[in-house]
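Letters A, B, C and D mark the chains in the order given here, with residues in each chain numbered from 1 onward.
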Amino acid sequence: MTQTEALKEYLLRLADSDMILGQRLCELCGKAPALEEEMALMNVALDLVGQARNWYEYAAELIDDGRDADKLAFRRDAHEYRNLLMTEQPNEDYAVTMGRQFFFDVYHYFTLKSLTESSDERIAGIAAKALKEVTYHLRRSSEWVKRFGDGTEESHRRMQDAVDILWRFTGELITPDDTDRVMAEAGIGPDTDQLAKDWRGMVNEVLTQATLTPGAEDAWMYMGGKHGEHTEHLGFILAEMQFLQRAYPDATTW
Amino acid sequence: MSPEERDFQEKVDAETKIEPKNWMPEGYRKTLIRQISQHAHSEVVGMLPEGNWVTRAPTLKRKLQLMAKIQDEAGHGLYLYSAMETLGADRDEEIEKLHQGKAKYSSIFNYPTLNWADMGAVGWLVDGAAIVNQVVLQRTSYGPYSRAMIRICKEESFHQRQGYQILLDMMREGTEEQKAMVQDAINRLWWPALMMFGPHDDESPNSQQSMAWKIKRKSNDELRQMFIDQTVPQLEFLGCTAPDPDLKWNEETGHYDFGEINWQEFYDVLKGNGPCNRERIKTRKNAIDEGAWVREAAVAYAEKQKQRAQAA
Amino acid sequence: MTQTEALKEYLLRLADSDMILGQRLCELCGKAPALEEEMALMNVALDLVGQARNWYEYAAELIDDGRDADKLAFRRDAHEYRNLLMTEQPNEDYAVTMGRQFFFDVYHYFTLKSLTESSDERIAGIAAKALKEVTYHLRRSSEWVKRFGDGTEESHRRMQDAVDILWRFTGELITPDDTDRVMAEAGIGPDTDQLAKDWRGMVNEVLTQATLTPGAEDAWMYMGGKHGEHTEHLGFILAEMQFLQRAYPDATTW
Amino acid sequence: MSPEERDFQEKVDAETKIEPKNWMPEGYRKTLIRQISQHAHSEVVGMLPEGNWVTRAPTLKRKLQLMAKIQDEAGHGLYLYSAMETLGADRDEEIEKLHQGKAKYSSIFNYPTLNWADMGAVGWLVDGAAIVNQVVLQRTSYGPYSRAMIRICKEESFHQRQGYQILLDMMREGTEEQKAMVQDAINRLWWPALMMFGPHDDESPNSQQSMAWKIKRKSNDELRQMFIDQTVPQLEFLGCTAPDPDLKWNEETGHYDFGEINWQEFYDVLKGNGPCNRERIKTRKNAIDEGAWVREAAVAYAEKQKQRAQAA
């Protein structure tokens, strides 16, 4: 794999993960457990889709086949999507919504933190802006995990269930593949060992504070999103998200 | 009139804002609570017809705009409930009334959003009608409400321009299908937007007292006419038509004449017989009911944290 | 409206209602309350989509603009769909699923029965075959309505709720518009008064047996499906149902 | 060996079918219940990966075919549970075991169906592998099971041909994208299909007794080889490849050689660590749990009807 190929892949992973998690949060519009949460969820979603746009724009320039950011977001089918499986998991209850957010936010935070020092200046710039947003996302989702874990008996049970359900998708966040390694070696992407270590450290710390039990480190992990092999959920997400672009392919302006 | 009442009315007449700590007639307080809570409910329920398209927005730019708008609306709701609470009302109680069908919200949100152009038309027509109301309410006599209106109006104007731009772009650069979406959206939302100003003045029994208290500052019919007069030129600029054969410029009055509203439909929707009344309330009620454990957890955790802080 | 125009409209209504209700039933695959019901639901859905295909094929011949049955089913957007609003309502619980089926089946049964004597022989032929299937659908859904209404306290409550929820969509089943009238006058479609009378008669009879209370005859009714103005649900149904055709427009064979 | 046991084994040896009323060893009965219930569960769980695409089938014809196939599977499930009940087992109890994770079903259904070609590949490979098993089971010693297999085999063969046709049409007349879907489906389902025959013979402890009882009639490895031998020519005819570099014709043995199965994955999935184990069981459990009131209503109504008939 050349460095340029790896970079395109890597940018699509960043973009698609943001996009799909943002879309999942959009599904919650009007359905959050409190008005303050409506605002916060939409705010997080807005940040994520905004970041996705920045990554797509850069990716589109490198791919350079006439597709722009919108075409990348709205015209690729599931097997071409590179998002982490975690981000496409359904909202289920608010413990799952927040658990998904938390596991992703920890990964996202350390990734972006490292990317602010990327040898690729464009990436460093996008990451610097995104890091500010994601620092807030992480603070928020950690707080909710702690509230649920150390709240009522019911919230503890639900949050522990959420951790158990989502754990099998955490491996993909911190298990590097060739693309990750090429990016790390080029000084573009994060050091993969460090990322895994940081992720584990913070997740364990927060879960412990929340009186929750993490899954086993050697638990079976479900992976595949990074190379386009997704769970059955993604197809349905895209069918909805891409409908207008697909149904009106001749429309150039919206 | 008691001395307090006289004092109160003099303040109102002198355009001095009434503040939470001031004495106020019980009727004034109740009317305000009802009106501000309705307004807050409308912001919250109003997120739903937009939420219906936020997962299907056609471009990144439009998706981001719509998300930002929805976020603003949640913010407006919070801000208005706060203003309402300065009058001694309880947010949860008022929301409970909404879910039981006892409190109103703007009827326009009981209409479905059926194509993407509705996201433009809602911004242009619905936010547009809301602004006509709210611009006047910036001068309403109750201080916290007036200040809320000033803040909200600014954002709503932005939404309205954005909505209009969606339609304008589709009309100017869109395909025939997209243009048809725009006209279809206007056809469906035009009359409901006019209904937003409420019944004719002579059918609006509480209006006079509200005018005297300067809670209301213009009559329903006056506001509706203002809206029509500012909107029709924009409609023409779009190159679209209104579904009203009687709509035309009246040289004599300097206003647009327009056809009679279907008041039967207005009262039907008000009574709960609108296309989406059931769905809107059900969605909101489910959200709050199913979120009970979340709010309880937050309270329990905060309580534990407090105890730990005290113990330390 | 010319008779040919009315006929095209009328065929699309028949086809689209079958198609959309069949699609709603497909959503229940693997989720029915008993294995016998899995089989029965899929059987009914199969009949409906099969009938839809027959109507689409005839409609495609008359429309004669190059679109075949598949294009009619998978490439029209919501405003072009002509199905009754009843058929697009969500499955919710099994009382709503069965209530929706029952209200539609009664309409469907009497409509097809009349269409077997249509002056249009093609229609009469399709209807004759469909009537056999729908006679079974109706027997089945009536039985369930009675089981629920006269079953347990819970099932009675759920079934009455279902009747109350769905009632506002029944008006469209039996309220004729210009198309219906043109069809009736041409001897192609059913006598509209008779259809309404038959529908009311059977619905009242079954609901009475089921110890359920029908809605008021003068209740407010939600209409619009027949001329393409739908509830918010249809867009989501189509986004899913049409995804492959939309995403791969160049594919001519599947 | 007791006289009963000897008598039983003689019957089996003479290829006389064992019927429900006949004496049978407890181990025979238990083994059959486990095997038939697993088979029934597999039919039911097997509806889910297809249900995942039935709402998105690309043409009316393919939609109808898929619906008919799913309907058949529900029918097979019913038929098999009935055969199982002739052995004194209870359907609800066995289903409860499935939902508690105590009963098995074919592991292949724990893999996701990710593109439309999976509907072809499932028919061709999964039903194909099932048929290889089932053809042999038509001669199984227990009468009701044997008869169920005869009936089911006929329909499965039809499904298999239909599945293959889906792939063939896409390979012959499809776009490049469609051809890629076919190859992708085969890449993902090839190995799991080979795993359907179970572990190697020497890892399959219960097999020998089952062979003596003629519940099983061929070993896992024999069946797997039969499947490979009949499938590879079909694969080549499609113009596709298997994700197995070791797959090649062996002149000497007259069979295809093939690579080693990833047994770690096999046992992982068996233990619950497959991509979709949780979703499949959750979907089935929810369906039955949430349907409790439906089944109760049916019972209550039938009871009332009976009482009314008696009173009349």
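To be clear about the criterion, a residue touches a chain if its C-beta (ideal position, glycine included) is under 8 Å from a C-beta of that chain, and two chains touch if they have at least 3 such contacts.
The structure displayed is predicted, hence computed values, not measured ones.
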Co-neighbours of chain A and chain C resolve to B, D
The pair out of A-D and A-B sharing more C-beta contacts is A-B
CA centroids of chain C and chain D: separation to the nearest Å works out as 35
Per the C-alpha centroid definition, the whole-Å distance linking chain B and chain D comes out as 57
Listed in rising order, chain B residues that touch 2 or more other chains are 56
Going by residue number, chain A touches two or more other chains at 235, 239-240, 243
Contact graph of the chains (line, ring, star, complete, other): other
Here the pairs of chains that touch are A-B, A-C, A-D, B-C, C-D
As the complex stands, chain C meets chain B at residues 78-79, 165, 168, 220, 222, 229-232, 235, 239
In the complex, chain D touches chain A at residues 52, 56, 112-115, 184, 188, 268, 273, 275-276, 278-279
Contacts from chain B onto chain A in the complex sit at residues 44, 47-48, 50-51, 54-64, 67-68, 70-71, 74-75, 77-78, 81, 116, 166, 169-170, 172-175, 177-178, 283-284, 286-288, 290-298, 300-301, 304
The residues of chain A that touch chain B in their complex are 23, 26-27, 29-39, 42-43, 45-46, 49-50, 52-53, 56, 69-70, 73-74, 93-94, 146-148, 150-152, 154-155, 158, 240-241, 243-245, 248, 250-254
Per the touch rule above, chain C residues touching chain A in the complex are 77, 235-236, 238-240, 242-243, 246-247, 249
